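To keep things simple, chains are lettered A, B and C as they appear, and every chain counts its residues starting from 1.
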Amino acid sequence: MNSRMSRVVGALAILLLAAAPLYLAPFTLTLLNFIGVYALVALGLVLLTGIAGIISFGQAAFMGIGAYATAWLTTRMGLSPWLGLPFALVVTGLGAMVLGAATLQLRGHFLALSTIAWGLAIYFTFGNVEGLGNFNGIRDIPPLSIGGWQLLGSDQIYYVIWIFLLGAMLLSRNLLDSRTGRAMRVLKGGNLLTESLGINAFAVRLATFVIAALFTAVAGWLYAHMNRFISPTPFDATMGIEFLMMAMVGGSGYLLGAVVGAAFITLLKNSVQDYLPLIAPNAAGQLEIVVFSALFILFLQYAREGIVPYVAGWLPEGKPKRPAESEPLPPRDKPATGEPLLSVDKATRRFGGLVAVNEVSFDLRAGEILGLIGPNGAGKSTMFNLLTGAMPVSGGRITFAGRDVTRQPQRAIARAGVARTFQHVKLRPRMTLLDNVLLGAYTRTKSGFVTGALRLDREEERRARSEAMRQLERVGLGDRPYELAGNLPLGTQRVLEIARALAADPVLLVLDEPAAGLRSREKQALGELLHNLRKEGLTILIVEHDMEFVMNLVDRIVVMEFGSKLCEGEPAAIRADERVQEAYLGGSA
Amino acid sequence: MKKKLAFTLTLLAGLSATAMAANAEIRVGFVTSLSGPGASIGTLYDKGMKAAYAYQDEVGGEKIKLIKLDDGSDPAAATQDARKLIQQEKVDVLIGTATAPSTTAMMSVADELHVPFIAVSPVKIKPPKNGHLWGVAVPQTPALMVKVIVDRMAREGIKNTGYIGFSDSWGDLVYEGAKAQEDNGDPKVTSNERFARTDTTVTAQALKVMATNPQAVLDGASATQAALPLLELRKRGYQGPFFGTPAMLNDDFIRVGGDAAEGVQVSAGPVVVTEQLPDDHFSKKIGTKFHEIYHKVNGGDAKDGFSGYSFDGWLIFLAAAEKALDKAKPGTPEFHQALMDAIYDIKDLKGVHAIYNFSQDSAYGVDERSLVVVKLVDGKWVYQP
Amino acid sequence: MTAQIAAILTIDGVATGAIYVLIALGFVLIFSVTRIIFVPFGDIAAFTALTLAALETGQVPGTVGLTVALAILASAMEVVSLLRSGQRDRIPRRLLFYLVLPLVPAALVWASGSIILPMPLRIVLSLALILPIAPLLDRIVYRPIADASVLLLLTVSVALHFALVGLGLLFFGPEGVRTKSLTDYTMILGGIPISGQTLLIVIAAIVFAALLFVFFGFTLSGKALHATAVNRTGARLMGVRPEKSGTIAFLLGSLLAGVSGVLIAPVNTIFYDSGFLIGLKAFVGAIMGGMVSFPLTAIGALCVGILESFAAFYSSAFKEVIVFAILIPVLVARSYTAVHSEEETEE
């Protein structure tokens, strides 16, 4: 399907939605209104859960904050419902910021559990604050009105709801296709990867959390003025879980999944209510929740991905255009060849009583290729982590490009121009090759959440894409930029990681055991690529177990054994060194 | 985009299947809570409605169709149910539901879509401000329930009372009612302690109530759990009397409360003690009839007040429908208007709970005659004239 | 607040906390063996109380229907999966385990009809009825996704909780119950009465905490169970069957939940949906213990009980807010002290 056709289809869909009140029954519109409101919450959850990997059972509480904020402002203060929207956004946003700052450091299930806890705490707060009507709720909330015309009926508020929903979806789509959107999508790959790309994982996580809460606040605002009565019950844990269900059933990795999930669950509930009494006339009410939960469990057991990807699999694939050539991104300042670049001075790392790296010192000059080798357990990987800031040193000093970077966080070192690869390849398998490489250019670009969502970043984005394309071509993957990274064989994935690192225009490229796990042909290809990069004058540090692989590649070698530096010198000298032979042969014997 | 289309089409196909039908009979929509925290009283409303439907299922020669939906004790679901009943099932009148927030939610839908609503939960309905309100409430207001029992406390010479109730809307309503009575004189409310229906203990709250040295304690909880503060207060050495509301008229309350609950006095609709009422009491005849039918339809006896509200709601609807049928055909907006007008015209309708008199400026049709005081003696509620 | 009030509140808090201890220990037990955060744990406790109450009044408890339904479903799944993998010969043994064993107590209750049995027998029978539920749920719900991430298992648990609440309403009805006191004994300690019931609860909590600590710390089967949690594949290689370990953990956990249900039934009215909040509060305790250490979990759960008791005294309306809000600083503190391995929630 080409872009013109998809535009026609999109226009048709919007037309159908716009004309809905003309041909749909009033109750169907009512259902569509609920679907629209719930889809906004689910959309926030798609960003939060599907994209950023944060499971929240507490979104209903945020919806409650938004609804209560506008209800309070309009009934107690007597202000316009339209003022309720910014107020709801501000209150919910601030709430999310505080809660997020407190809990987003948590990992995995602890984070998910904390969302149940604060969700319940907020729910009980609604019920116990006198100004919010306690458990009786707030009545007589004014409807939205446009120029004195009150939007009372289902068919009137319908437009407001769906305009907000479509607007939110558009913003989210733009956002995901931008620099910060890619940063959100990389979060699921773990903190190590995210921070190594120069991204502040916590900040992106917090921003995603707040964005999700803001969408939810809009839903709460719409809900309050649609029903004109609110009480704590619709914002309790049950509803929070139902929202999560919507996002997951629809397909939590897809924006459209929010709408599909909300529609599916709402319509399913409605039909369960319609048809269950026919099957079990005496226990219909009780069975509703059982049938519902059972369906959800079955869904989680057999179709975790959701409806959207399932349906999308049957539709023809679109073929996006290759990014156009564009002016390159500004290059970094690089030190002249031969100038000292990296200096490690008595770096030490202790784990409890164990000394993994013991007072290791070495230097690296610009334009040089240095190999750091040693047998298994020599402390190479720990040394690598110290260099890149993935782990703080226990003692000693590390200087990079004249700057003391000891104990600097990983992302600061990445921003200074150190790009790395991983021993166990860390790519985003569900992102395209192009997007994976674009991640590398994160530190060289600037646009933020707002510019991304509003598409004000297109100029920079064009340049970044063109740059990413150049790097893909440089490593020989320029022919298939839109393939998913997960489909590549391991050797090619390594190469892709190098392309990603190159997109950062690194001052220093650090490779962590690039040859590990490769078949001999793949190893050969990798060797050729590194030779070429060397010719281009790139400064490279290779940490490698395979001695033969580095011998022909590097200018100098540092050998480590038992956490200490054994010796240092040119490849030929190292090859001849008895201590090295003993370390390798003795170590493996 | 293409996905969006596929989705829209399937959605529309599914939705347009919901057909519309013309009304060949009077349709009544009934919402109650069959699940969720309100289920224990929601089922009682349901049983009362079953009895009511068995009592009379046609009016003025027109058949009545009763459509029942569960709201799961959730106001959002109640809203959706109300809209579904009006917009899809085309009902002429709505009756519901078990919890106060859900009932309030339904009221605003009825107001919007102009369909008469008969509330069977004790709720606050504001008198009409600009124009016509589309609903009435059957039950005694919580304020009235509390007033009657507080008056009894005053009659017994009680100067101050402690309060302990649920941390939910019911607990709020009772507390507000008791506070409102302070202006009229004794007793003063000395404490406002709350507990949740699922709490394992109320020791702390009981201690705080006792710290205020009240002469009596007013219990603002409902059903079985209302016994919890009574048990705890007695255990901690409190000797004074207990008072409560109709929400405590429940077998499990008596069973669980045991000795501690003995002697508790609550205000109650006369339907609870129909047998003990004097023969000239307004509720004696219709109440006896109600109990008879209830027993026939549901097995067991109606010992609560809730089922009576459903029944009275039905009586109000029947009386009004009879008149409205002269003016318009069921299923039309004119009929809804006529029905609402007829409800507001109701004068001296004798129900099992009260003698109902509605008017345009009050959604409540009851007065103090609708409540009697009963006392728990040897595990039985005894009428206290 | 006088010292006496403080003492009463503390004792009350300890009694509530001890109930949480039992449930929290179950949480940790099941989590550490199966990685499943078994949210419906509180429901199991509530169902035990409801079962006991039904037996007390001579009714057939809803548990019978529930167990029969689950047993049939589990057996059907088991038979289908055995047929598919061509292990026809193992069907009779599995049927014995998944169908016959769970149905024995149900049949006993059903056969006893409306005869009201003596109290100890009622308690034993209630426990026997409740024990199969969790292992059966394990077979039906969790076994097909045993290798899924902790987060997915958690989401499934939450959904399962809602299903159980619905089933609870269906099988037990909406009314709350409260059973007869197990003992009328009251002890006066420093002028403060302590009921025998409270003592029983506290003793049960201490005994079970100690037993679990010893079992996991010092016995071979305990260590084998734990090994399953750490590394399923590794444990399998060492001859520990993860499925079996899971079943044992669920059985032990159910016993804990059952005991707490029996103990809580006389002191509080239990509804079909009472389990959630009780479970969640126990959970707060379990998290304080980091979901791994039994003694820490017990201490955490006790703290929740005492905190709740004092919070109720200062502001009864905000008691729940305080109890759940306290979890956030606790979690944050833990996240800074505990060492996390890099985890990826990768597709």
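The rule is simple: a residue touches a chain if its C-beta (ideal position, glycine included) is under 8 Å from a C-beta of that chain, and two chains touch if they have at least 3 such contacts.
These figures come from a predicted structure and were not determined experimentally.
Chain centres here are C-alpha means, and the one lying farthest from chain A is B. The interface holding more C-beta pairs in contact, when A-C is weighed against B-C, is A-C.
With centres taken as mean Cα positions, chain B sits 50 Å from chain A. Chain geometry summary: the mean Cα position of chain B and that of chain C are 37 Å apart. Across the assembly, chain B contributes residues 35, 39, 167, 194 that each touch 2 or more other chains.
Counting partner chains per residue, chain A shows two or more touched chains at residues 124, 128, 238, 286, 288-289. For chain C, the set of residues that touch two or more other chains comprises 166, 169, 317, 320.
Residues of chain A that touch chain B in their complex: 1, 6-7, 9-10, 12-13, 16-17, 23-28, 30-32, 34, 124, 127-128, 134-137, 139-140, 152-154, 227-234, 238-239, 256, 259-260, 263, 267, 270, 273, 284-286, 288-289, 308, 311-312, 315. The residues of chain C lying in touch with chain B in their complex are 5, 8-9, 12, 15-16, 19, 166, 169, 174-178, 193, 264, 267-269, 271, 273-274, 276-278, 309-310, 312-313, 316-317, 319-320.
In the complex of the two chains, the chain A residues touching chain C come out as 53, 55, 57, 99, 102-103, 105-110, 112-114, 116-118, 120-121, 124-125, 128, 188-192, 238, 241, 244-245, 248, 283, 286-290, 292-294, 296-297, 300-301, 304, 429-430, 486. Remark: chain C residues 37, 141, 144-145, 150-152, 154-156, 158-160, 162-163, 165-167, 169-170, 280, 283-284, 287, 317-318, 320-321, 324-325, 327-329, 331-332, 334-336, 340, 342-347 touch chain A in the complex. Those residues of chain B that touch chain C in the shared complex are 35-37, 39-40, 42-43, 167, 193-205, 207-208, 211, 223-225, 227-228, 235-236, 252, 255-256.
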